[in-house]
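Comments concern the structure below.
Labels A, B, C and D are assigned to the chains in the order they are written; within every chain, residues are numbered from 1.
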Amino acid sequence: MTEPVGTEEGRAITAFSARLHIPIQLRWGDLDAFNHVNNTSMLKLLEEARVRAFWRPDEGEEALSTAILDSGIDAGVITLVARQEIEYVAPVPYQRRPLEVQMWFGKLGGSSIEVCYEVYNDPSFEERVLYARSTAIIVLVNPATGRPTRITPEMRAVWAPYTGAPIVFAHG
Amino acid sequence: MTEPVGTEEGRAITAFSARLHIPIQLRWGDLDAFNHVNNTSMLKLLEEARVRAFWRPDEGEEALSTAILDSGIDAGVITLVARQEIEYVAPVPYQRRPLEVQMWFGKLGGSSIEVCYEVYNDPSFEERVLYARSTAIIVLVNPATGRPTRITPEMRAVWAPYTGAPIVFAHG
Amino acid sequence: MTEPVGTEEGRAITAFSARLHIPIQLRWGDLDAFNHVNNTSMLKLLEEARVRAFWRPDEGEEALSTAILDSGIDAGVITLVARQEIEYVAPVPYQRRPLEVQMWFGKLGGSSIEVCYEVYNDPSFEERVLYARSTAIIVLVNPATGRPTRITPEMRAVWAPYTGAPIVFAHG
Amino acid sequence: MTEPVGTEEGRAITAFSARLHIPIQLRWGDLDAFNHVNNTSMLKLLEEARVRAFWRPDEGEEALSTAILDSGIDAGVITLVARQEIEYVAPVPYQRRPLEVQMWFGKLGGSSIEVCYEVYNDPSFEERVLYARSTAIIVLVNPATGRPTRITPEMRAVWAPYTGAPIVFAHG
């Protein structure tokens, strides 16, 4: 179980689900001319966290137990982002320590999943900072047919413990 | 006034606002290992459309009349993306002709704007394809103080004709 | 025939070489935190120029007569960069007009080609600026075997008119 | 002292210098449509290795003793790549373990340095693979004047132990 990291209202609702914690190394090249991590680079970091959390590693590579998705054109399944929402809470300066991407499932559907993210600085920092929150709807697709393909019972069993309340964004 | 580009339900609601049409060149490097334009690359394209549509050009450069924002650390204003939502409607293959990014304002606030986007293939294609729809909340910020700064009357006057109905995404 | 490119003088006179001229749109996102086009972004621009100059377009797309290479995993040939050298002559600021990438062949080998590049600002600028010079050794490879594959007589015939003197870089 | 990592001729000459070893995390997004790390992404990795090896860390961050360069527009010095050469020895597949970038100085000049790189897979792999070799000429520049600025005696003292034989590339 994950403890609430702060007292902010919006975060409290997601604080009681089990989360994955994925460290992702920043690059100075992620900065833009405003000297902050570019907002599109942030999505690159979330993409990498997703790959590490859910895709099956090559033989001999270590990965989380949730990494059981055989993704690839050759594997018969690719994962497409159908929709993504992201809220940038604070500008991200360059830092050598990896960012910590916390992830959980807002929903496990038939052939799609809702992945929820919160991006923090490294746990070793005395003061934790929440940089961004995001939700992505990922669809499993058969690359040959272009049609959705179903989440297997194995995936569902392994991923279910990481299901939690979805992020609620303010709209309008 | 912009004519409806298609008959699709979801688009109809945005079809009656005046829109900016910005051609943005794809790069083969925008593709990922699935041989489609990567979803984060799409946000890069929207970023570039936004810069071309709203930032004041250098002396001697041509730009739309809406390009009146003096953005830059030196200029005293930077534009930060506070929130962005994007729906990927169809995979984007590499193509030499530029994509056409259509833009309008969903809302002109005090120090923030809601920019709406629809991304199509080039008008010269016989069959138009809608690839993505997105909404971004952009905040004008003073880089020295980190505080929001107000949209000027000049900006408001120039941008107002491009205000239209915001995109309505399905949630949940 | 191409004049020697090696001296300062010789560079200014590009009119005597048969060169391809490829306009490539910059993106604000190509800048880094130093507010210049990042040096690795420049290679991205050269990559895109190469694709547009040499890869066969999809049906219905327009391209130069030199664009006859069926590149792609499915096409049976991929192009790998075996070596690249680049000299950054002047920092590149963001600009709306496309950069002009001038290209020619320094050498047409058995299964590899040496591509030479010079990157300028747009011809519509009163003062032309040379931003970078580069040479890339490109190898045609069969993706199934990983082995080099030979340049066809058709390619050689079409590309030969654009053969010129290779760029001479100072070393050491 | 660094032991020779392999028996290859070309590498032997650089095997006796002290080297820095910088682990750099790959991203799936570094791959291109050929399903290999894109050649321009490789330069991004080298850029990041350089930043981590030579730029002074923020207070509280750990870094190598060679990281003493106060780089940044505000710091009064920026580092520009004047020239870079890279040889791609083997295609790089996606891997979770970081790549190991080995670095040393081929030359410490007045206001420029020659940085040499070799990129390997992680030392934990049973079989080490050399993926790329590169040399970059980096110039220290005062961003206010655009003029080169001199390497300080402190830098020279700290960096000198990592001076070694430059990489010799085959040309022509």
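The working rule: a residue touches a chain if its C-beta (ideal position, glycine included) is under 8 Å from a C-beta of that chain, and two chains touch if they have at least 3 such contacts.
This structure is a prediction, so every number in the text was calculated from the model and none was measured.
On a Cα centroid basis, the chain most remote from chain D in this structure is B. Compared on C-beta pairs in contact, B-C and B-D come out with B-C as the pair having more.
Rounded to the nearest 5, the angle that brings the Cα atoms of chain C onto chain D is 180°. Separating the CA-averaged centres of chain A and chain B is a span of 25 Å.
Computed centre separation for the pair chain B/chain C is 30 angstrom, with centres defined by C-alpha atoms. Averaged C-alpha coordinates put the centre of chain B at 37 Å from the centre of chain D. Residue numbers of chain A whose C-beta contacts span two or more other chains: 28-29, 33, 35, 38, 40, 44, 47, 73. Within the complex formed with chain D, the residues of chain A that make contact are 24-25, 27-29, 35, 44, 47-48, 51-52, 57-58, 61-63, 73, 95-98.
Contact residues on chain A toward chain B in their complex (touch as defined above): 33-35, 38-40, 43-44, 47, 72-73, 78, 80-88, 91, 143, 166, 169, 171-172. Of all residues in chain B, those touching chain D in their complex are 28-29, 31-33, 35, 38, 40, 94.
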